[in-house]
Amino acid sequence: MVVANPILYVALPLLVAFLLPLFGKIHKELIRVVPGLLFMFLIFNTVVLFSEVTSTGKPIITQIAGWAPPIGINLVFSAFSGFIAGIISIMGLLVWVYSYKFKKVEFDNSLKYFVLIMLVTAGSIGVVLTGDIFNLFVFLEIVALSSYPLVAFYRGRDGAEASFKYLIVGAFASIAILLGIVLIYSQLGTLNMAEISLRIGEMPEKIKITAFILLFLGFGIEAEMFPLNGWAPDAYSQAPGPVGAVFASMTAKAGIYTIIRLVFTLFDIDAGYQLLLGMGIITLVVSEGIALRQEKLKRMLAFSSLGQMGLLMIAFGINTKAAVVAGMFILFNHAVIKSLLFFSGSYLVYNSENKNIKDLFGFGKKLPLTAFLFGLGAFAIVGLPPLSGFWAKLSLLMASADSNLIALIALILIVSVVEIVYYFRVVNGLYFKKYTGEFEPHKPSWNASLVMLILAAVIVTVGLYPDLIYNYFVNAADALMDKANYIQNVLPSNFVGLN
Amino acid sequence: MDIGRFLLTSITTTALAFVVGMFYAGFRRKITARVQNRVGPPVYQNFIDVVKLWSKKSNITHGVMQHLAPLWQIATSITTLMFIPILVDSTFFVNLTFKGDLIFLLYLMVVGSLGMALGAGEGGNPNSAIGVTRGLTQMIGFEIPWVMALVALMIQHQTTTIVGLMDVQQASGTWLMFSSPFAFLAALLAMPGMFRYSPFDIVGAPAELASGPISEFGGKYLGTLMTNGSIFAFVKLVLYVDIFMGGATNLVLLVVKTFVLYMFPVLWGLVSPRFRTEQSVRFFWGWPLFFGLLGILQAAFL
Amino acid sequence: MSEELMQQILSISFYGASLALILIGVYGVLTKKNLIKILLSLTIVDSGVNLLFVSLGYIMNGTAPIFSPAIMDGKIEVLKTAPMVDPVPQALVLTAIVIGLGVTAVGLALVIRLFRHHNTTNIDEIRNLKW
Amino acid sequence: MSNLVIILAIFGWAILTYLAFKINKTLGNVFVGVLALALPAYFFTYTPSDYTVSVMGMSLQFGFTSFASLFAMLVVVLSSFALLYSIPYMNKKDRLGWFYMNFMFSVGGMMGILMSKDLVSLFIFWEIMTWSSYLIVIYQGKKVNKVGLKYMIFSAIGAYAMLMAIVLINKWSGNVNIEQFFASFPNYSSAAKLLSSLLLLTGFGVKSALMPLHVWAPGAYTKSPMSYTAVFSGALSKMGIYGMALVAVNLYVHSNMPIMGEVIAWAGAITAVLATFWAIFQNDIRKLLAYSSIGQLGYIAVGLGIGTELSVFAGLYLAILHGLFKGVLWMVVGAIEHRTGKTDFRDISGLIKKMPFTFFVALVAIIALAGMPPLSGFVGKWMLYESMITSNHFIMVLFIFLSSTAAFLYCFHFLYGLFLGQQEDEFLKDVKEVPVLMMIPMGLISLSLIAFGTFPGLIFKPIAQAMSTLGFENVTWRMSSLTNAWGNSMFLKPANFMFMAVFVFFLIIITVVNHKKTKKVGTKDIANGGEPIRDEDNLHYSVDIYRPFYRVISPIMKYKVETFYKRISKGIEEFFQFFRRIYSGNGQTYALYVVIFLTALLILSSTIF
Amino acid sequence: MVNDKESRKIVDIIQDFARKSSLFVLAYGTGCGAIEIPPTMTSRYDAERFGIRGAATPRQADVLLITGYLATKSLKRVIRAYEQMQNPKYIIGFGSCTINGGMYWDSYNTINRLDMYMPVDVYINGCMPRPEAVIAGFAKLQKLIQAGKADGWERYQNNLEFYRKNQKKIIHNWVMPDYNW
């Protein structure tokens, strides 16, 4: 394939990001148009590559600079990583459409905004596709470095504060990841993930575990795991509305991807799964519980997002095929539904100073469409059928039942009740509290409405007919679970172990 | 069934009930007077009262429900009467006795009160409504021990019909009041409540409620109510006699048994002051309930 | 002093130094209240890690890392026999330094923004977002 | 045509109705009317056929069992009547399209539940029913915030309990098919039996408002428009009963776990007593009926829980009947609300003068509710009592008797407070009888209540067929007589005809005698110590009228389950209020957490890994 | 004493006998004479042996017993009670006050002659009359009833305007509904 290539995922956004100021010199409008074209191309790329992957049943491996693995850096487009990359690029397009006329952005701001979005996209997809652990670190840092300014994008808010917290914790993450890489490299002398995975047994037990813990910590920070996610609510709530969606659908995906790779592919530590499961449970309970007591809408959404991440960790921590499939489903849902919530929610609190939940009381009549879509998103995320959230929850529950985790089922369901409580508080407030008149409702622009409607349509369609995309989940799960196949595909056929 | 014969027996039964009931009421007044060291009215005084009420030259009603209220009562009483065996193995007073059972009777017996309650309610007199609420509240009280007694008998003898219970007594030769004494005690203690005699006459207390539910009823309506009262008293007495005292083989025996039974609420009432509503409910949920429980335990485990 | 002993002392001092740097940096991040000091501490940690990384590949008297077939096999044993410094850590550290620089730069920009907004650089006073 | 298509057609029609109301109100009303007529027309002529859909590797099956079609009959009849009734009732309200759409969604949901032959699709339709009813509960928007939330939370608790059960059943039975679940249930371990059945019961118990899961019901029944509440309390709550009957009968009777049946029955009995007590002290008619509904559902649960042939029969009969008479009563309340705008006993009295038809149907329904002969309620009560007595539930029978005797209190309160008593001009001004379209549903259902009183065999037939699905083959039934397990019979025809004959006889006498001298006077002309009542005096005595009884049972009434739930939820919230201080807002603290986490993992690494 | 006995039907005779033998008394304790009612009804004199018993409401009562003076205030209530009674109904004026005002003859707020306002069938003299006198009064009333001559209620009906005029002289704020029976 000439046109479609995994490398384009990384290269093109980076290229566009750096060329965007130049485009701006040619014509101002190009700043806004070009990213859209890029995202469309990325989606096209995804479609082509995906069809190839499904037809051959093998991942597509691209070597950068012609060095064969394990020496050279390679990109792996498998059913699993490709799926996440696809979600990221589609969500990127939607975010672009949404932010096309988001607020009255000055030329400068618009430029910065789209450059940063491009960088986040490049980083996130790079994280997902790369087959080299240091490269993964670099991409993570790209994501982080471009996220800091995005969080602090608005001057009026406390974005800088949130961003600074993110920065401190993110720096710790990068240090931990780097240390982990150092440990692995010092023992195995390789950075290729497939080879590490193959030879992880050669590492002394102590060092292996230490490396695992360090990486777990670093990736855990990116994946918003409980005690490490102090930055997340601040960042979610202070970033511009679409950026919240970006975090939920891109960076968080990249973060959870890293931790999944860590546990599933890189290391062979069984307790890793349990650790992931345990941390997932703690994250879920704590985040959803705290979301119950939030006064601010976006902060509430942020904590809910953290809860979803916990759910994801649980799904992958169970480590059966069914659970992984469920995890993929939740991952997909989280991207779609949480984006819808962030999109519509940011219009609901558009003019509000503090973004308090009580500021949007009575908006159901003022902004009927936005409020309705927010309600739909709330219905979907708590898992009411026939919306897509239900199937994800059902498959996760069935998977945990298959693994005899009965208490876990009860826990997830209890937490879902908590989820219902705080989401329906908002929905009830939207429709049945009196409009205070303090804040003028702000009508969403047509492009924003379009995006929200598309997302809603996806939620409903998938909810009515989950088989539409269910097979992708299964394929992705297969690709993830089959470690041997991964190694075999990535490493050259003549590669024999070092010993 | 021969319709003519049925008409004959049912009318005879009703007439019997009416006459006996009226005389019982007269005796009650007479006995009350004697106990109070008075002469008292003649025993047929109630007949005169009924005739007078029917001969009133004007009658007041407040609407349809008040018009129908006495009918609920009297239809209830007479239907109930039809389902109760008057005499043991009588070929004459058969009526509908084999077509019903105790649960039906239990329910049928309250239909009248509720119809009456509605009629009283339509009168618009607050006193009536107060009386009705008291009456209904009191009903919750006495129904429980009464039902307990019946349930005890039913589960002990594996039958839910009166006829069945009478057959049991015929077969064993013992009255149920002796073989199931606790159930009988519970039922007996519930009886004054059912008759609404003192101390359970708060429902229609003349001095404070202006006779309660019936305070808007006069003339022919009151006459119907009095008629019904006497029939219904007889019904209840015969029911008790049938269930607990083995029924009666002839009319004389029936009258004797019912009269003796009737003396219990009458004499108790004579020496009792009036209970308040909650006091009477508490009373019924005290010893009678306890006896009822004992009766059930006896029936279930002995 | 034998070469091996020298090597050991060296590596211990490398490790010790980098570990000390990391701990000092972490201590700084956790205790200093000034935003800029926190950033400085972060860079100190970074330096520690970089030092650690670079010291992994260092071999006493090693030659410059020029491509040779031995490396193609990717064996560490080969590295030990051939007196050549491992080039990969150096390349990686370069990247890491760049990233650290980026983080510091963004951090300083944020500090300026925060100082304008809150008129202070004390991290304890910048707590608008909580709970 | 397969069944699933019909469900989808209802959903589609709901959306079309919504759009039609966007265009024109009349057009929308036509759409509503068409569904109301088409639903029974289709249902009573269709031929069942099974249909299977495969979703996510599960095969979902649809099709009616005869047990489900019994309930479907109730749903169809009640909802089509309620839809007809809605047209004039909802006329003056806004956002009609939204209302009718959700109405039809919930009807479709109910039909879907009954059609589902597997647990997953049952759950899906269950949730559709739940959220559509939730949307209607909050539709009127007056003080619904807490009510809606409560309803949603309890529904969610129930639904999730059910979901857990479904998931576990899927594991234990290998699939989610209902019949196979029943077939494999005897092979479960005893813990599995207990767990799955308790969870399912919680799920179904919430919808059927069984204590202590009833907390949502009074509010939800009260706040939704009355035309919907007729369906809500009449049919929707029966979905809980449907599930409970399936579970209770199939599992506990046929798998030898009578203890669970006892649990249901006792829960039902206690519900019946307490809810009735609560109903007695309500001063709002909607609240009164809501609690009464809860109590009535308790009877049904008792019938299903005891699990003998007669008791299940009684339970099903009562379920159908409760749907009918409670449907009428809610419609009556709706009619009153429609004409007077009030629902509080304080503000209404003496409506019999202006709304005699409404009074008549209310009277019929109340008599049926109270279970008195000669109307149909008695049949159910009789069977229930007899089944309890013949199966030696002698303490329970007292509870039920206490409850149904106490029910007379609120029955009287309902009729008296609204229709009888003082006819106050201020309340009756501008009040008139309801429109014909509202009369028809009420009248027809009342007629059926009267007919079933003497000829209950009319609905015994479908019930007997339904019983065969539950495993009671060859249930004998007769047109107008009842028989208990000891062979004692009750003949309805002589009893009812006798009653009516005496009634009519004396009616003639009392009407004819002194006819000319009988005068009707107003309710202001009453004997109250000679004091003339002025028009502005309000002597209507209907608020708080059961004080004495309250004093008797106040020791019980002091304890409310609701306070318990409130304390729990408050405790949880307080806990997390404290907990959220973890996110202190200080970046250093977050960094500290990272370090602590790392240290903890490193220290514990030897034990974890 | 009874002259037109031939004109009366047998039914009327039975009815009059019943009316005579069953007198439900609405005792209106308007004045001091009410204190004589209890001894009349209880064991010493026992009026119940003549079929005389108390009625709680005017709806059920046959005889309105006005025990003593009538204040202008209580007159209204008495009239109201009387009008609520069912026909045939009788009034017994009890004590001197009902005849001519008695010791209150010059009081500003009592009426002097009861039969200006209500149709009295039987007066019982005395201040106050002993129970024996009361029973004698009842016996007199019974005789009148038996003879069909206790027609106070008919007089009231026929001469309503007269009574109303007199009543309205005393009762200034007339709020009573129209006459009904």
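Think of it as A, B, C, D and E in the order they're written, each chain with its own count starting at 1.
Methods note: a contact is a pair of C-beta atoms (placed from the backbone, for glycine too) under 8 Å apart; a residue touches a chain by one contact, two chains touch by 3 or more.
Predicted, not measured: the structure shown is a model, and the values here were computed from it.
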{"item": "Set of chains whose contacts include both chain C and chain B", "value": "D"}
{"item": "Farthest-lying chain, centroid of Cα atoms versus that of chain B", "value": "C"}
{"item": "From chain E, the most remote chain by mean C-alpha position", "value": "C"}
{"item": "Chain closest to the assembly centre - both centres taken as Cα means", "value": "D"}
{"item": "Top-ranked pair of chains - ranking by C-beta pairs in contact", "value": "B-D"}
{"item": "Inter-centroid spacing, chain C versus chain A (mean Cα positions, whole Å)", "value": "29"}
{"item": "Where chain C and chain D are represented by their mean Cα positions, the distance between them in whole Å", "value": "69"}
{"item": "Centre-to-centre distance between chain D and chain B (centres being mean Cα positions), rounded to whole Å", "value": "36"}
{"item": "Sites on chain B at which at least two other chains make contact", "value": "56-60, 210, 215-216, 219"}
{"item": "Shared interface positions of chain A, touching two or more other chains", "value": "164-165, 168, 172, 233-234, 290, 293"}
{"item": "Junction residues of chain E - those touching two or more other chains", "value": "57, 59, 84, 87, 180-181"}
{"item": "Each pair of chains that touches, named by its two labels", "value": "A-C, A-D, B-D, B-E, C-D, D-E"}
{"item": "Chain C - residues contacting chain A, complex", "value": "22, 29, 35, 38, 42, 45-46, 49, 52-53, 56, 72-76, 79, 86, 88-89, 92, 95-96, 99, 102-103, 106-107, 110-111, 113-114, 117-118, 126-129, 131"}
{"item": "Residues of chain C defined as touching chain D within the complex", "value": "26, 29-31, 38, 123-124, 127-131"}
{"item": "Complex contacts: residues of chain D adjacent to chain C", "value": "580-581, 583-588, 591-592, 595"}
{"item": "Residue ranges of chain E touching chain D (in the complex, touch as defined)", "value": "28, 57-59, 76-81, 84, 87, 175-177, 180-181"}
{"item": "List of chain D residues in touch with chain E within their complex", "value": "517, 519, 521-522, 524-525, 527, 529-532, 534"}
